[in-house]
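One chain, chain A, appears in both complexes that follow, with chain B as partner in the first and chain C in the second.
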Partner chain A sequence: MSDQTIKLLVIDDEPIVGKRLKQAFMKMGMEVETFTDPREAMNTIKQKSFDIVVTDLKMEGMDGMTILEEVQKLNPKAKVIIITGYAQVDTASEAFRKGVFDFIPKPFRLEELKNVILRAMSGALSESNKNI
Partner chain B sequence: MNILESLKHIFGGGKTEGGEAPLSAATAFERFREVLRCNNSALELIADLGEKLSGDYIFDRQYIYNTMEGLEKAVLQSVHALNALCNNKYQILYSTYDRLTTRLDTVMENREDRDGVPVINIADTSRSHYIILGGKNAHLSQMLHELRLKIPEGFILTTRAYHDLIDHNGLREALNAFETAMEAPECTVEALEPLRHSLEQGILNAQPPDGLLSAIADQLKAIKGIFGEDLRLAIRSSAQEEDMNFSFAGQFRTILNVSPAPTAVFKAYLQVVASLFSPKALRYRLRVFPGEGHMSIAVGCYRMVESSASGVIYTVDPADPAGDAMIIVSTWGQGEAIVEGRVPVDTFRVQKKPPYTLLTQSIARKNTGLYPKQEGELGELDIPSELQDQPSLTPSQLERLAAYAMQIEIYYKRPQDIEWAIDHNGDIYILQARHLVIPATAGPKGSLADALKKYELIVSDSGSVAQQGIGAGHVHIVNTISDLNEFPEGAVLVSKRDSSNFIRVMHKTAAIVTEIGTPVSHMATLCREFQVPCLVNVTDILSKVSDGMEITVDAEDRRIYKGRVAELLAFKTATDLNISATKEFRLLKRLLDNVSSLKLVDPLMDEFTPEACETYHDLLRFIHEKAVAQMVEMGKDERRLLKDYRAVPLDLPIPTGILLIDLGGGIDPKAAGDRITFASVTSEPLKAILEGMLFPGVWHTRAADVSFGDLITSIVNVPTDALAGQYSGHNIAIISKGYLNLSLRFGYHFNIIDAYCSDMTRDNHIYFRFLGGATDITKRSRRARMIAIILEAFGFNVASKGDIVTGRSGNMPKSEIIRTLNILGRIVGFTRQLDVQMDSDAQVDRYVEAFLMGDYEIIGRH
Partner chain C sequence: MFISFAFRTIYGKLILSFSIICIISGLAAMAAIYSLYKVEDKISVIESFYEINQRILEVRSSEKNFLLYENKNELISTIDKLNEIKTSIDALETSGIITNHNIKNCKTEFENYYDLIHQLIRKDYSEIDFNNLKINLRAYGHDFMNCAMSMDSSAKQQIERESRNYKAIAFILILIILPICAMIGIFLARWIMTPLREIRKAVAQVMRGELSYIPVEPTKKICSECAELIDALNKMLQALEDKHQQLIQAEKLMALGKVTAGIAHEINNPLNNISLTAEILMEDISNMDCDERRGMIHDIIVQVDRAREIVRNLLDFSRARKPTDWNRVNLGELIHNTLGLLKNQIRLSGVETELNLPQEPITIMGNSSQLQQVFVNIILNALQAMKDGGKLRIEIKAVSEQDKAMIEISDTGPGIPHAVMEHIFEPFFTTKHDGTGLGLSVSYGIVKEHKGDIQVISEPGQGTTFRLEFPLWL
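Take a look at the complex of A and B:
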């Protein structure tokens, strides 16, 4: 049972984002860790694996694109979702080229992110089923 | 931009009201629709902002700026549109608009705490003062005025006084530098030290601004007038965010036992204000509001209650947030020592619901207590030995405290940390109430999701969220407005459709669920204001719950559970569902306070004036009502209507004598000839009314028994409107596909029905007016009363005076409008000649009952 618990990591320099997402996804039964400092988040990612990483794009210290690259190196199975208030087509396409799972412009409805995460989860589960 | 100038431009100026010919019906209708269109685009934006506040979105500052800019433009358009409809009769709304817009700009610039009075008595405070009272005082104002609880008498030195103090003492420049420094991302207390220190010292040595001491003296005089010269004061901090969402517990200073002299109060005031800049408070601010520099402080000066016992209540047990017990802690004397852990205390665990059963108690040996010292402050005194081991609260005091605590928790919808005192007369005073902060105790993984599985779901994924949140309580079904009268504390309100009248019970409602309704209704706005978890549009909810049934509403995942879901309530307690931590959220909240709350709820009240508008929403509501009122009057000018339009007789199986004027889409184009039959009517509101009139049994044809007296009255009595020459013998219906203005004259009474129905719920309205009759005023008034009761039963706002009844309803989906118009048709038919039979008050009830039961034939059986 506990093996199937989805592990989610959220990085956003605005505390409200992590707080809100933690609440919503814990309620859905996930294990959620949140960070406002991307460097701290990276330290945790190096020590522990997550199924899904939700990250802001523009942050002091390290941007979401770097997080995406780093996560893919450390844990290729993890799905990365970028959320941003600076939605730009070229950034989005660059992110997709680099293998982001999805790219959501702010402001967004919690439901939208929920659906994307559910999609990412079902993808992850069916992949692991294939392996079995 | 000078609005009045630009207006003269738009409307060509010069022409004064009443000087122009009235608009033709078609033009008036076109302009009426333009008012609706403009109002809609403004309301869409307000709804959009409001939705962001419901907790379901992540948004940023740019979004707020852009939307507010659009909103200001849209509201101005609405004012233009109403004036275009009403021949510039509402020029005054431009100054209303200016007043409200200036206020919003102040909020955007984060300067609203500088407005208003420097000193105010707590008894004179209201909603509009909250922003200058600081959080703690605002809560006390709510408890005094909204919950009607006892709080100590006193007055407030507002945030305006704080800014005056800063300016008067030349501290503004230092304060600006300080606030800028605090906004830096890497700011530390150490880096702030020189500025902090100079501000702290500057304030401690500050001189009072002009007029402040005399204003304090006036307040003291008033309090001493009641309590005598001996009274002592507690001078308490109330910073802007204090108690609202962050506890700030113990961060700022409180000075107790201050003598009631202006200079002593001012000195204590300075100490409290200076504590805004203490290293301890700054550390807290940097932690909870990183990147934010601005915070102002108000100070409350309250009479110290000579308490025999005092203490603290936690409305949930932090060790067991899901449990049904609250914790009451109490000791002899003053309670200040409790929070500091200085004296032994009694601890009681009391059940959270009536009869507030005492679950457990632990009585300490209370050998000392805190009491005011002669020279000021508090000192420890020995407790007489016979009292030391006695409980400091009696069972009945415990029960009263528990009841007050629940009232407060239900009002704020969150667990509370309450400080209270009981004086020697046994009166309970609330000294402070703030949200109880319970650390998120993350249970075992996935526990909540798993735990929820064992509860029976009544509703799943149904309806829309009007306000996020979780609430549990016993169902109280509201069918008519009078059902609100016995609304139990903490119940869940379940209703067929939503109504802004629910505001009356929102302070004691755990959650609201309606079968019909939208997240953009007035009620939804009110729910957000009162933070009442609310689901609307929940299919068939009335058939799934019954009165008294206990349910838990999760207005986040759109679920309703049977019973009390303790795990969900614990989750609510431990997580901070109120996501008010960010700058953006608080800015949006303050803007919405000034945009979307609705003071002008009932258009039939006297206070429905431009001067009373406090928000854009009020203004838009006013505009809508005045636009409707303009349309209502349209049917009166019968001569002109009959000259301007070709009126076609309506051919019905009952003799109504209605002439139709079609503004477009009200009559089937294929209908030929000089008479229109029911089948050819395509105006939806007219069709609905006619269906009601034609309903079997409604249109009773039996000649009324008119007594000789009634006959004389009918000859003598000519209603005033008729004298004014506005009505003659015709019944005219001005119609379009979605609109109806119907003027009816049957015998000696007049009836106006004005209705608009479209797919846009908030555009829809029904206006109903009935007056007159053939009999004496007593009988006519009885019929009017009967109509008023029936209208109320169908959710109308009703005003009646003598034989005049006015009813307003609206903001409901088309299907509801149609259904209600059908009922109005039945009322028109049913009550046509009923005044004759109103020979006693009992008849009113008898016919109301019959009508509501659908027994229209009762008249024939008379």
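Take a look at the complex of A and C:
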């Protein structure tokens, strides 16, 4: 991590989610990329590493759980946050078992997501500091 | 009063018929008894004739002895026998069995003979007279015997004639009674069978769905028990119909339960969009230009519409419509709403959907809520069959030659095994752990109520197609 800019990837088939999160987190100085098609997002993940991935769970084409697994395979340091309208106890526990950073049911307050992302950021930063 | 009772009830008809048969048989028996009495009378007449003849022969033999030996004791011994003969003849005369003319003749002959014998016994005659009297005695005796014999034979003839009459009467009675009994039998069978046959016909019509109730009118006038039976059957039909509607409603609540969970999640998406947009708008409102603000407010309105649409779909489905509430139903629209209702389930199962609707709307007559229940059941089954993804194809078309609307709902799942196929519409038959086995049986009932038909085309490994047909509303 040459510069301390946090790279954030948002995958959600609801375009408004991507649009608003981009607006909010760009303002916080992050580099934000958004996708509504999870398969396109996967292609990008393969070429480029992100610090934090925020993904929806149920999407056409690819499941958020698959994205979680793939991201952990490609970049184990990346933190994955799942946001979903179909929050159920068993899917949440499955996600935690697979190593999700946090699991946020929709509808959520922006503040909530910001806090989680800040926690993820500090984790990412401390890890990179340790490396220095 | 009794007549109308007799003709309106099976009970009355039976009583009436049996009374008629009893009266006729009673009359026949009385006629037979009367004939027997008559025959007995005749037999006694024949017996008394036999006795008279016997006595006459005895008197004549005494007369012969007197003429040969002139022994008066012989004549005296005849007096008693002659008296007996007289009583018998008098008895015959009063009994009236023999025609009077003959008896009168014989009585005069008898008086002559009797007087002569008395004269001879009293001896108040001369020698010449005695010889004349003797000649007369033979002649009178002979005449009297002839007369008695002719009376006997004519009586026998009369008796034979009369007994022939009795035979004829018996035959006539049989000839009259047999057709009357046969007619009563035929009428009775028809009276009882006709209304029962009507009821059977109506029940068959009810089962085919051509009638909803058994009409009382045609049988009411001729069979009040049948009217009561029909009334009871109709009450039973009503109770069955009520139960059927309750079952449909209960099954619908279960379908609604499955759908509602999905809908609740589905609403989270527009809510989340609204919440995010509103928060950003609030934070950044001072940094935005008018168009940006307007764009975000527009987003909020669109998302509210989307949530409203989801809720409306659910409410449409959950609304308890009266089963009798039939309207024109646009099948394309109904399928579209149903897919909206099941959007979440479809998305969760990762199934692709293909919808083929014709340009012009296809309408049928029916209860849209119950029809939607059928589509929800079939589509949910299809989704469950495609747990690992697949394609849900829905096609609606009008088969105008048959005036029918056809809806095909196909999945690319594993298909239905042959052993399961024949049971899928049976109530409480299920292959799922959490199934009740009511979905398809209730759907079948609803389709039949809409005068439609439901067919399943499935081969193991080839997917399943449900083909529904309804009469078109033109």
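Rule of thumb we're sticking to: the second predicted complex is superposed on the first by the 130 of 132 C-alpha atoms of A that agree within 3 Å, B and C clash if a C-alpha of one lies under 4 Å from a C-alpha of the other, contacts with A are read in each partner's own complex, and residues count from 1 in each chain.
To be clear about the criterion, contacts are C-beta pairs under 8 Å (C-beta built on N, C-alpha and C of every residue); 3 or more make two chains touch, one makes a residue touch a chain.
Note that the structure is a prediction, hence the values are computed from the model and not measured.
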item: Touching partner for A:Pro105 - first (chain B), second (chain C), both, neither; value: second
item: First, second, both or neither for A:Thr5, with chain B first and chain C second; value: first
item: Which superposed partner A:Leu118 touches (first chain B, second chain C, both, neither); value: neither
item: First, second, both or neither for A:Lys58, with chain B first and chain C second; value: second
item: Touching partner for A:Met26 - first (chain B), second (chain C), both, neither; value: first
item: Overlap of the chain B and chain C footprints on chain A, listed as residue numbers; value: 14, 16-17, 20, 23-24, 27, 60, 83, 85, 106-111
item: Footprint of chain C on chain A - complex, ascending; value: 14, 16-17, 20-21, 23-24, 27, 58, 60, 63, 83, 85-87, 105-111
item: In the complex with chain B, residue positions of chain A that touch it; value: 1-2, 5, 14-17, 19-20, 23-24, 26-31, 60, 83, 85, 106-111
item: Residue ranges of chain C touching chain A (in the complex, touch as defined); value: 265-269, 271-277, 279-280, 283-284, 299, 303, 344, 347-348, 350
item: Complex contacts: residues of chain B adjacent to chain A; value: 52, 55-60, 62-63, 185, 290, 442, 445-446, 448-450, 556-557, 571, 575-577, 579, 581-582, 584-585
